[in-house]
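I've put the structures underneath this note.
Same chain, two partners: chain A is paired with chain B first, then with chain C.
After this line comes the complex of A and B, so read on.
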């Protein structure tokens, strides 16, 4: 799955390289900048994969945590070992969280790497108009990856909870992914504006603040707070469900 | 210490253990008593609640009612203390197909907080050796046959020294050699002092390896005790081979026995000495009353009404009324030509079928 994620920036870079001219202002954000600065491959790839691809992989990993073991029958042996239900749940969530951290990182680093290989790399002009050097730009790139990792923690907690509800891993995965899409659709409806700040996907694309000088941490903090709330609520739900669950698979 | 005394004698003790799934009663009021060091056969037709009981005992499911003690500790409260002392094979083996057999065992052992990482390799190795899987230790489990998976499941239960082994259908999918090996394995475990709780519907197997047994039917425990007690609770019967079935039946009736004519009457022609008018030998069967209670076996135990909770009491050999030798004497005295006489102890299977029903009309 990480390979599939790594394929995105590669695909973008190669496509841009082969098709030479991208008219400015068309296609995904920053796409037209790639030919001038390879570092933008990483940024573009992250922007492209936020709405569907990253949630998809996170949904697969988080949905598989408990339901995957249950579906395979290994859950009963882990519990009889005894792994301890609380311990098992924490370890499973930690595993999903590690994936959530690594996934955007893979996209960012592969993007920067392939960008550096195919295009010139140089100072980057930020949204605020300032220009920063390559090293500083790499740090910004990693900051965006960190922002996305935090963004997806809430979704992975939801996936963990859904995973404790069923013995069919595919069902849990699909439900998690569908929820992430639904949240984004709701977020796009102006009529539901009162709901927007509560949607876990609300701040997903707000990492532009990290591309200003000086860095504005407002959206990072708001996002972290929201995701922390989701982790707390759905973590508690998953715990409540899993501790009392009859393991019959 | 006084409170610990009964617990020390029983490895598993349940009182009124009950589990409902919605409206359906899966396990109802089960009072199990598994003595320490016993090889305990847990019998019952498919769907009679055996596996559910095992799940309750292992804390995989929560009981709706009743209490249980495993290895002297209250369950499921002391789950984390008890389970490391229990090895289990529950409803067939389950492994990660992409890992090798040895890697699977190492992973399972890592899940046990008491499993020391330092001795892990050695313990996995010896568990695999014990079930004869050393040659396939590094093979992916997906390439295992059903029997090999079953052995790996048993190896998983043996990763650490256990005081109690719960084996759900341990010989499922095994070839005759594998079955024999499991049998000797169970015996060797019991010899080491472990209590072995084997669920099975293979009665012959239970008769061979178990010291105690319990029979489940439709979620209820219908009989429990040592193997001898269980067999003894069913009646012994006699089989008389004679060319004079009419007279013989009268004699038997005189003794208070009801004779039935067996289906396997055969010609006496090959009988050499055969008297001319002998015709055919008929086989007569009659049940010897086991206890003072009347003979007739309970016809396909009525559902729900837990037929005879034996609960370990011994109704064994106070067979008062008729002794087999008295029957023979009476027959001969009446001039019946007795050509064969045998007493047949009721098999566990007879008892099992009597308690749980015949054919596919098993009590549900």
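After this line comes the complex of A and C, so read on.
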């Protein structure tokens, strides 16, 4: 799955390389900057993968946590060991969280790597029009990856909870991915404005705030708070469900 | 073994705690340190004498004007022609930096894009990250003060209290001026100056200006329309730091690869333009807007041909207006604009009937 994610920046870079110059303002954000600066491959790839690809892979991993073991019939053997259900749940969530951290990192670093290989690399223009050096640009890139990792923690907690509800891993995965899509659709409807700050996908695309000069940390803080809330709520729900569950398989 | 329901306790407790926290956070914070009471005139004086040229802060603007909201597609892009018009619809966040009269920067923060306006000395830069374009204008050296920016700046000779009295005398006849309960804006206690039109015919319900209790800096403006619960237009600081921002904020060089456009600035030549100026002035006299009514319910009438047939604008106008008797109406919560079939344009902060009546008088 990480390979599939890594394929996104490679595809973008190759496509821009073989095609003619992209006029500014067309296609996903930053696409026109790639030809001038390879580091933007990483940023563009993250813009492209945030709405679907990253939630998709996170949904698969998080949905598989408990339901996958149940589906294979290995869950009861895990529970025979004197480790306790709480600990198993925490370990499973930690596994999903590691993936959540690694996935955006893979996209960013592969993007920067393939961009550096195919395009010139130089000072990076920020959204504010200021330019920063390559080293600082790499830090910003890693910051964006960290932002996306935080953004996806909430979704993975939801996936964990859904995973405790069912013994069919595919069902849990699909439900998680569908939820992420539904949340983004709701976020796009202006009629539901009151709901927007409560949707876990609300701040997903606001990582652009890290590309401003000076950096605006407001959205990072708001996002971290929101995702923390989701982790707490759905972690508690998953705990309640998993502790009281009759494990038959 | 503990009862089963006890295990669900965290699942109930956590959302309850979060809901309680959210509720506590959304309650309006009462001004803990009430400001000494002041009359409207004293508050106006406070505004007039404020001199806070160095600050950095975040502004939040929202409008419910009833204009059709332009579609905002997540990571996509929209036509650059509507970029500035778009500022009137929907919410926006901007960061603002000021240091003295000659250094200012405004960053309008869009999703994955940003629009910048920077003034550094006599250089004025505009930068739009969406299409990577920059524009530059060089202000004439003698025109040091930007009259639009610092309204109550040094070049106004009237003293603050004179100015306040003058302003009050001007608005008093048609407007109730009052100081409402203190408000909290950007964590600062502020006076709330409320202007309410006495006339029933205008669309404007009230205008509230939040004035910082310490410095007299206007912190926010809220315009309420009649028959609408949400403010029609609202702009206010959400955070504010007094003191000079980092000097590097104002230094701007267009990024490599950006398209830079030079905007020519007309020099203000005082003497030799006078002869030429009379001819356009004479031509303008018969297309000067005529004003009927007074105060809040005045109606401005522009003669035919004022709204030039700019191709972009007409297409947009067609979409935004609705056909009414005698022309097309652009209706917003605060202003109605009636484009008559004969080309005249009547506008005013009044209901449609009054516009039609004003149009029929001629």
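The definition used in the following text is that the second predicted complex is superposed on the first by the 249 of 249 C-alpha atoms of A that agree within 3 Å, B and C clash if a C-alpha of one lies under 4 Å from a C-alpha of the other, contacts with A are read in each partner's own complex, and residues count from 1 in each chain.
As a working rule, a contact is a pair of C-beta atoms (placed from the backbone, for glycine too) under 8 Å apart; a residue touches a chain by one contact, two chains touch by 3 or more.
Just so it is clear, the model here is predicted, and its values are computed rather than measured.
By the document's definition of touching, neither partner reaches A:64: not chain B, not chain C.
By the document's definition of touching, of the two partners only chain C reaches A:236; chain B does not. Chain A is touched at more residues by one of its partners, and among chain B and chain C that partner is C.
When the shared chain is aligned, chain B and chain C each come close enough to touch A:244. In the superposition on chain A, A:87 makes contact with chain B only, while chain C stays out of contact range.
In the superposed model, A:167 makes contact with neither chain B nor chain C. Of the two partner chains placed by the overlay, only chain C lies in contact with A:208; chain B stays clear of it.
When both complexes are overlaid on chain A, the residue A:73 reaches chain B alone and has no touch with chain C. Looking at chain A, you'll find residues 244 touch chain B in one structure and chain C in the other. Within the complex formed with chain A, the chain C residues making contact are 4, 7-11, 13-15, 18, 58, 69, 74-77, 80, 90, 95, 107, 109, 111-114, 116, 125, 127, 129-134, 246, 249, 252-258. Contacts from chain A toward chain B in the complex involve residues 72-74, 76-84, 87-88, 244, 246-248. Against chain A, the residues of chain B that register as touching in their complex are 55, 58-62, 79-80, 83-84, 86, 88, 90-92, 94-96, 108-109, 111-113, 115, 156. Residues of chain A that touch chain C in their complex: 24-30, 32-33, 36, 47-48, 50-51, 122-123, 125, 127-131, 184, 188, 190, 205-206, 208-209, 212, 214, 216, 218, 229, 232-233, 235-237, 239-241, 243-244.
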